[in-house]
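Multiple structures are listed underneath, in structure tokens.
Both complexes below contain subunit A, partnered by subunit B and then by subunit C.
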Partner chain A sequence: MAGKPRIAVYWTGGCGGCDVSFLELGTPLLDVLAKIEIAFWPALVDAKRTDLESLPPRSLAASLINGTLRTDENVEMARLLREKSQLVIAFGACAHLGGVPGLANLSSREEFLRRTYGNGFHPAPPPGGRAEDSPPDLLPRAKPLSEEVSVDCVLPGCPPPPELIGLVFDAFLSGDPPPAGHVFAHEKALCEECPRTREDRRLAKLVRPHELLPDPEECLLDQGMVCMGPVTRGGCGAACPKGAMPCTGCLGPTPNAGDPGLAMVSALASLVRVGEEGEAAFAAEDQVLDSLVDPLGTFYKYSLPSYVRTGKRSDG
Partner chain B sequence: MKKLAIDPITRLEGHGKILLYLDDRGGLAGAVLQVPELRGFESFCRGRRGEEMPQITERICGVCPEAHHLASARALDRAYGATVPAAAWIQRELFYNAYIFADHLLHLVFLGGPDLLLPADTPKANRNVLGVLQAYPKLGREIVTVRARAQRVLEIIGGRAIHPVFALPGGVARPLTADERGEIAGHTEAMVGLAKMFVPFFHEVVLPDPAYQSLLALPEAQLPTHYMGLVDETGAPHFCRGQVRAVSVHGDELFCLDEAEALERIAERSEPWTYVKFPYLKEQGWTGFEAGLESGVYRVGPLARLNVALRMATPLAQEEYERFLDFFGEKPVHATFAYHWARLVELVQAAEAAASLAAEKDLTGTHIRGKLGAPGAGVGVVEAARGTLFHRYALDEQGLVTEVDLIVATTHNAAGIGLSVKRMAEEVVRKGDLDEALLNRIEMAFRAYDPCLACATHFLPGEMPLVVEIYNAEGNLERRISR
Partner chain C sequence: MAEPKFEPRIVAFLCRWCAGAGADLAGTSRLRYPPNAIPIRVNCSGRVELEWVMEAFRSGADGVFIGGCHPGDCHYVSGNYKTRRRVHLLRRMLGELGIEPERVRLEWVSATEGAKFARVMGKFVEEMRALGPRKDKAVATAGLVAVRKG
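Now for the complex of A and B:
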């Protein structure tokens, strides 16, 4: 096995979808697996934490880390993998921007535990165990990977589409690693690859996906659905709009968009104002934007910990 | 007291560790499977848009997002008082059978499979999917290819294979085209082909292996519990509709109810040393971590579904089911390692069912959205690959979520898994020198269940009856709180 680059794949507070997406490479997966050595990947191989700890620093060519940082143990493992790896890749939306579990930051850690277990729950060791055998403590709030360790590049998406995972391995196995900070998705917006026809029609009313069976050819925003396509990176082939459902922003905002919520509000407002001026434009804007339900959960579904500061200052 | 940790436990979905405590003479004083993660979906789902729930809750689990997606849609169907049109039902059912097929295949080859398909003394570095592919290159390649085809069915119908987007309250996102049906039919035929190839392989290679025979017969791996699963109107297992049937340790019917009533029969308790909860049957009550007729501990998943069913729904699956029952000679089957075989029986049914649904005329029907009433509350149930999955929501007048309760497959099995691990640890510790291969034997006990610990810890019902026990540093019970 000597000479093959050794890699690790690890999950923190994630769902495992990133790991499964890796397997969705299908038969090309077999070629990738033949060219690398998996040193640590709890989903697939039996190496344990002690095996990882015994490796020399920087002996892994790359670690792909997915999941939101949610517990002390997640942070310990991320730091351990950082120490052992030349490259650390934030693998998927949770590691990239905080992900869906990042929505937990809408309430405090205390409220979160209370709601989950009722009052009076404190983690403790099993009968006969020592203090260190307690389940790990929850962090005060969920965090993306880059808040705790330096990240060399990002493979975004929820989960990252297999084609993008393929690109990472192409880059990596060619011996030509990506530039620092590279994000393996398009710089341009998802709309650029969406087959639906967009006319930037005036937006008179918002509709929710269960309220409308959309026309199969027309842009979903033109039909009144809150589609995050204009502010989200392309790279998935516009899978959700092709499936008649709006983009929810899993590949993260384009470099131009910046904060996805601000960018989306501004995109919607400009569609409301099409053909309107002055007072009428403002009134129309208020009416449409006021009808938005759950804007935080909609605009920051995958990115709340990266863009929205929540809770008391002392929390974080 | 000496502690031995297996950390992390591997070839499963999610985080877990096994802690073994040995006394001074080397005997087993305690063994637990601890789940050290918690994401708290039950907390942050409140306030979200109801129609988003199929796409939010599926992020509980990337291995079985399809199960959460459809359980969520079922809860929303009920919450909106909608009747799902035939075309939408067929899309959902076809999608769901493709999922069961792909998920069971994942376990038989990538996760649990290496324990069965490779010799017990296989070095750790090879005891994984790569070892399986080396040992069975032809079958291995066929499996990878056909699994990709099943995933393609999920992608066509679901919009995406992982974290699908198609299910909505009262129906699905869009109609399917005739071309799409054609492609799907080709894939489902390949699925049936693989099922037909896998069954003889199992009987020629896996089942006769003395190592598997001894696991099936191992006294420590017989766990007499109650069982629960969904059955259709003919008594066959159905993965996404029907009634929830529970049978006792002796096979007597405990109940057969609609989902909302069945949910009322379950309570949960929590332990401070793990983030997973332990459901039990209310009527029997919680009598501690023990199996048997008096205990409220029950199991779900492939073995449970075969135990609660009267027959299988499709011909080849029925043949395999009969071979399964003949082998054990009694029902319920309590052998934990029979979960693997049960998974194969179900894989055959899922392939056959998918193929027959692909031929349904209404698959390409355009009436795909039922009429929605005012938003309210609803319970949805499906059988995830690992067992029964309940979602219950309440929505406000804007259709925003105000309450969320879920009981997921691996949570139902949590007590059973803990018991299996402990018994296997007893067996292994008795054998003496705890080498790596023996420790893996303990892991094999939980792998039989194909647990999904990410699923098991990310929701905890807020409204279910709950008991919390707090221990002091010496491990003595200090306080008991019930809700």
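Now for the complex of A and C:
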């Protein structure tokens, strides 16, 4: 097909941050926009679902889908875009691994509906069946995009850093699509590109970001912050640690780390030491480990639906 | 037909220097203890990756037993200390996932403590039997392929 490649950008259960993140490309964005045609992008152009449905299969060069899959409509749209596209790119942490909205999987759907809307809420169809304009049904759990459609490549991040977005467009516009399953981030850990220095490799206490103005040079983990750098892919230039905030793992785990939560538990367990290692220090060590608030939410902030199947979280 | 009695299935990771040797001693001393555990010998309790523990649960284990050297006795100096801290943190996470933290047990057993091995294993099996089958439907998982190909 002659002419510019046509693309779609779509959001499922996301916050809109991914759509905005394109702007971070800056002026190069104008070059990109000159080379493509936007066929469908609800945040930007007025094209309807019926317009998308009328397209022939695989007529879109690529669909960039952001957001977690949370409703049946999300799944329908993901499938529709898959059908119409040559490439489907999971854009951002939600589409990649489930993202922050995926933390809702720690509660059952009924539980969090009750908590949000009170006891009067019934997720039941209206009398006489489904009204034409009733809201889409919530899925029992949030899912990453790859659980419903095949994904050709992934652009991780919350939101994806502009330099990585640039790489995607470069690859895509060069007419040389990335290898199947490619993740547009480094295979090595974030620590590799972090300018902070590691020295004192022992943790005698844990601090939360608001409790400490960290030393500008020293490793944040060494200063007691739970930084996910050791288990997280690099590629963002260690943006958060450079800004004195610990990495929260938005680019997803490195291939070597596997399950980011379990890998981070091992990393922390190796570093936490109070005084001489040994039986006498056990209680003090446990106290340090217990001071970690919300381990699951910290370790799986962006990846819970991909690594933790179900949860049952007690209140409190 | 009577309801079959619940017998817990246990996966036991035993370090080769202490707990594993202790288990061998229990065997050669002909000590009796419940046969519910499948022993897996590892070089050090510090070698036990948490992914293995979760894999055991994912495969249907009712309990996971980790046996290591007494404090100060680790053949590799500090493997057992690392394991202790790991297990401590893992237990907190298990609780949130709906798996009782007691289902992971860490015990120090030396090579001469065959009797202790039989005793702690017997106690663990008994506790797991009392706890009953796992109530969580599914398990924390590792290894979901993030990108499905084709």
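Following the convention adopted for this analysis, the second predicted complex is superposed on the first by the 282 of 316 C-alpha atoms of A that agree within 3 Å, B and C clash if a C-alpha of one lies under 4 Å from a C-alpha of the other, contacts with A are read in each partner's own complex, and residues count from 1 in each chain.
Definition applied: a contact is a pair of C-beta atoms (placed from the backbone, for glycine too) under 8 Å apart; a residue touches a chain by one contact, two chains touch by 3 or more.
Quantities reported herein were computed from a predicted structural model and do not represent experimental measurements.
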item: Which superposed partner A:L106 touches (first subunit B, second subunit C, both, neither); value: both
item: Subunit B versus subunit C as contact partner of A:V272, first or second or both or neither; value: second
item: Subunit B versus subunit C as contact partner of A:E24, first or second or both or neither; value: first
item: First (subunit B), second (subunit C), both or neither touched by A:G258; value: second
item: First (subunit B), second (subunit C), both or neither touched by A:P195; value: neither
item: Subunit A residues touched - subunit C or subunit B, whichever exceeds; value: B
item: Which of subunit B and subunit C A:R70 touches, first, second, both or neither; value: first
item: Touching partner for A:P57 - first (subunit B), second (subunit C), both, neither; value: neither
item: Partner chain in contact with A:G243 - subunit B first, subunit C second, else both or neither; value: first
item: Contacts on subunit A seen with subunit B and repeated with subunit C across the two complexes; value: 106
item: Partner subunit C, residues of subunit A touching it in the complex; value: 90, 96-97, 106, 144, 146-147, 150-151, 153-154, 180-181, 183, 252, 258-259, 261-262, 265-266, 268-270, 272, 277-279, 282, 285-286, 289-290, 292, 295-296, 299, 306-314
item: Touch list for subunit A against partner subunit B, complex; value: 11, 13-21, 23-24, 26-27, 29-30, 33, 38, 42-50, 68, 70-71, 73, 99-101, 103-104, 106-107, 111-112, 115-131, 133-136, 138, 142, 158-159, 208-210, 213-214, 216, 239-240, 242-245, 248, 293-294, 297-298, 301
item: Residues of subunit B that touch subunit A when the two form their complex; value: 1, 3, 6-15, 19, 21, 29-30, 32, 34-44, 47-49, 51-52, 55-56, 59-63, 65, 80, 106, 110-111, 124-125, 127-130, 133, 141, 144-145, 148, 151, 158-163, 165-166, 168-170, 173-174, 270-275, 368-369, 372, 398-400, 440, 452, 454, 458, 460, 462, 466, 468, 470-471, 473, 475, 479, 481, 483
item: Residues of subunit C touching subunit A in the complex; value: 49-51, 54, 71-72, 78, 81-86, 88-90, 92-93, 95-98, 136-150
